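Read through the structure below, which is laid out as structure tokens, and then see the notes.
Chain naming follows the written order as A, B, C and D, and within any one chain the residues start at number 1.
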């Protein structure tokens, strides 16, 4: 079918982003909207292979230390200025200061050279396996040098009127109501984008979002916009299409932090008992409406070097009880911290609590809001805590951080919060990041997965899917591993 | 008092309210004895409609929990929240109002500024902030509700005391040399109490509503099944399972209605104007 | 009268300052801070990042210094800066305030009009089935949780009948102007304002009814009857006018509840007002914004109070501004 | 030449709702109203006076059933009139003036509007004419500055002015019948005298028939042409005013008349050589209200350089019109309020210098009897407690205190079983006796009685006065007796102090004051007492 030009789409954004300058603000909604305004050097296929973005082509040196990118020609910023390799070098500098994840990803970067306007050469200190996987727009967006150079980034007035190279331009933001983006008429791919305008509507209540979609006021519900219980109903409506694609890069992986330092959860047997006690299939089927997969271990099945040849834990309360006895658990109170992200997560925590109580674990739910949750988890003030994290396609980017002992540090809810410390694992992940080529890395990560699933440092739950729900006449919305976050460059409206 | 009771019983609305409330209290007290299963237990498949499976007359919720059990256990929590927070609000409001009204002057002024302060901050917003700060639990919820609901009590009591203080029988107590405390306790408060009782009955109702609104925003106590929690939790699935919110909603409605009717009845019964009409 | 207003304003300033200081302390007691929140949302948080943020938010300073700075700002009418939203708090609030004012004032008017109407009818037919029916009806709206009524209203009027929009303040992208815009906003306003109005109606209805019955017993009503005035005139001119005085007072006292109630309504109807802004600011520990909203809401309540007081004084000649 | 009656009430029977203390509010009452004549209806509180008046205007409460009888007016029976019939009649043919001029006027409407409403109700005149007419009426009833009074709200007028405005309103449509239900009871004597004069004057000029309700025989003596005496809803006597007042036939009428205190002070033995019980020196009290940052203050001087003393066993009266500061002085003496300056000495103790516990202890020496028997007893406390609380607070053993309370009840003429009953179970007179018992319980040296009998019916009032006199003599009490009723003062006081605007203008032995008043204000007060020279009316 031939794409058609024109049309306006209405999407939902929740919660309202604090800002749209994606180099400064990295929260989910910001990335989702800003993916239309800003671009990265690369895009990724659902299989996580790199695709051309602002970089046309790239090459890697023999020793895996030098990466050369050729930039696309004729790209301009929204204000008309040309985009060049100087912008790339500037962006790297910028993000190292403001973007914690970019800072981590670029740890092995030695220098950036710009031999000409359309060539960028990255030199690494040592090989870094996942290097080609860090150029997605949310992780390494390109930032206009001519606007930010020499200014205080955080107070630059341009932050309120973001300028990127993307297919859509920022037009208007009515706080509390909507964000409006309009077509970039001088986009460097002829004919694209197809859409004239995008409205991102801010609707705080999940039920109200569902109603807005149902009544036709909204065309696109990005993943996580409505409660899971509503997904089957909405997907049964006429002219509604649902896709689980577009999350391959992030691979949201959920588990329970288990405090390995103290209390019953410090006991490995107790932790294993938990794995048997929790009915993860119930969670998958009832709470997530089947839109999930039972996790087998630290890696999601969508990322590199995943294996399911590991110790698995089926729902088995009897076994859980036996293990608890062995562990010598004496009915101590165990605090369970749910993730304060809405009703689905709350229900899930209730179900888990019930599972735990069924095998005799005295679980008590502790309620907090998001900041409270952040604080409690960061300060290790919990026994069991729900979480889910992105894996960013590679165990070196999204998995290792949660298990290596160098990442044990108070103050972050995303590092090795459980306090698991195993020199063998530390070594494996250290080697895995810098090993070259891929086959060597694979071997290392398989081994790590085996050890971890035996030790149960955390209780893995589900690989989540956040389905994107659209009207069926919105075509070609999700094309890459980053899904809606990669912008509506290719999307078009069938009228 | 017995006369007030009779007046109260002559008011049909009040009697209906009283019957409903007594029923709710009976359910709260004895229900869990008859219904020993935890309301959190997942007993059946989710979304069983009401009146289809025997033993589950009101159906099940999104996790397959018994809605009826939830309502029975919820009665305990909701009524408790209502009663305890009202008691707490009275415990603060009555002394503050009484002292402000009785002593007047600088103390009274300071107390009333203090009251005004709490009345000026939008009450629900303050409750939200308090619960969020203290972290949701039954204690913090009760506390927050009490903190936002005592000012009207203080104002009412102050007004009453202010007018009672100049009554001749209070002056009579003063000239017979009785102490401030016995004047307040014996002469003033008993006579200031009837409008407070009416207000209190309405405050219980408001507290139940407030708890449910807090639950709606996810600020309920996650370990306790309350009606507000059920309505809040069920609203996301309202389209496919109306019964999950409807039944607890009706429970809230009936209790609040009952308390209001009682309040109305008490108002008539305790109002000396009405009971000795035509003097 | 100017002196009276000046005095009230002076008092209001004191109350507002107290609110600022107390809430400042209160909010800081909450676990978590804005830096943690932003770090959490970024999906990664190393020490440098969090420290950077704290510095930026001025959170690295000792608490008394922060308080001093904040109060100093407030005194010069500067509500501070929302670092999260990268905007002055005053501007953020100014963007949202009109919506909340529109919503609360409309709801207020609806509740008052309906309340007085129903209260009058109930008093007129006191003791009959009509009285009971009105009382119960008003109570039902009062006793049903606000958010539940709101959801039901959406399901009925937006989903089932498709008469009224279910969210927002106006039809986004329609770019109506003039009358069309007013009508459009009006259509969006109906559901939230009515939902809120119906909730508050009960209190006014009850008050009006009681007050009318009370006033009816007064001698001047007898005087009016002795003049040979028709009953309708007596009800309107003599009874209702006097009966409205306590209702006005109540309305002033309810302002705090009304403004607070906006949080729920604005959330369910995606109404871009400051109630929601407050809730979001709370969840993000956006201290300056949260405090700013509190100050503005409290100021709104004080303004409501002052207005009702002025109305009361305008209606009741017995109260003189001097005393 | 007796004119034909305009209104003729025959055998009127109005039933009270079931459960009342008697079956009929009005039981077989018959009387006529004649043009140009004033009919006074007298009787105790609750005797059915107001019911008769309300029946005349069709304003009876719904709970009262019109059982039998007839009210004939203009050839019609008003008892069977329908609503529209009444609308045309009220105000236009029969008008009414109520007791409380404050509550009988709508507080939110200007006086002018309220009068103009009279015309509007009957669709008469244009709005402009109505205004003019109202102005004219206000002038006619003697309101000062009628233009301003037109625009005034009721609270901006004094009690007497309000009552004038009410009368202007009632007269607006030149009704044939004017019903006045205790129109002067709420006013002080001087104002009362003016209003009575006004009513009589207007009634004569317009040849109206007036039904005038009162319980004050002095007023009857001043204005009545005919008198109807009611008791328990029944007419016990009616006839020409002179006949009824001079030669009462029924025992009830006689009892009522006998209870009216005389203006003639009895001879009293002079009290010489007694010690001072109370000495009041230079008391000043100014109430300051309002006064904040931005408000002007309002100051009322309620006591100005008040000096007097009371000897042991003496009764000093304090008289003066409403607002003159009598109660303020009483409260200063009792230390219910603090004086700005001045001293109250009880015997040798400086009562104004002590505080806290010492003050509470000394309080037992001076006790008070309050005005309102309904408001001065805590409705939620048993009588026994009410009396015993004071002694218990002063350290008496509770059992002893209760024992003593029972005795005191006997002393004031109540049964000891009253101990366990609540105040509402007693009549007004009985309640006032309880109040007296309470005051006596602490065995005080001095009693302050602030309008202690003003709220009581004459007959009850007489009993209570006798009781006080008796107790005083038996217990050797001193008394400060505050009243606005000069007749009462004449009967009970050894000396009388006259107050005007916070100051004592004259203080003399009672007999001297009555026979030779010096101050102009005293003379004015004495002249205004109603019913003094009944013989002068005959002319």
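Here is the rule we go by: a contact is a pair of C-beta atoms (placed from the backbone, for glycine too) under 8 Å apart; a residue touches a chain by one contact, two chains touch by 3 or more.
Worth saying up front: this structure is predicted, and the values here are computed from it rather than measured.
Among the remaining chains, those touching chain A and also chain D are B, C. Computed centre separation for the pair chain B/chain D is 46 angstrom, with centres defined by C-alpha atoms.
Taking each chain's centre as the mean of its C-alpha atoms, chain B lies 22 Å from chain C. One finds 39 Å separating the Cα centroids of chain A and chain C.
Annotation for chain D: no residues touch two or more other chains. Residue positions 207, 368-369, 372 of chain A are each in touch with at least two other chains. Across the assembly, chain B contributes residues 132, 135, 235, 238-239 that each touch 2 or more other chains. By the definition given earlier, chain contacts exist for A-B, A-C, B-C, B-D, C-D. On the side of chain B, the complex with chain A involves touching residues 38, 40-42, 46, 62-64, 132, 135-137, 218-223, 233, 235-240.
Those residues of chain C whose C-beta lies close enough to touch chain D in the complex are 3-4, 6-7, 10, 218-220, 222-231, 233, 237-238, 241-242, 315-318, 322-323. Here chain C touches chain A in the complex through residues 30-34, 36-50, 52, 56, 84-87, 92, 95-96, 99, 151, 154-155, 158-159, 162, 165-170, 172-173, 266-270, 272-273, 276-277, 280, 282-285, going by the rule given at the top.
Those residues of chain B that touch chain C in the complex are listed here as 13, 113, 116-117, 119-130, 132-133, 135, 152, 155, 205, 209, 212-213, 216-217, 228, 231-232, 235, 238-239, 245, 249, 252-257, 260-261, 264, 267, 273.
For chain D in complex with chain B, the touching residues are 61, 63, 334, 336, 359-361, 363-364, 366-368, 370-372, 375-381, 386, 389-390, 393-394, 435, 438, 441-442.
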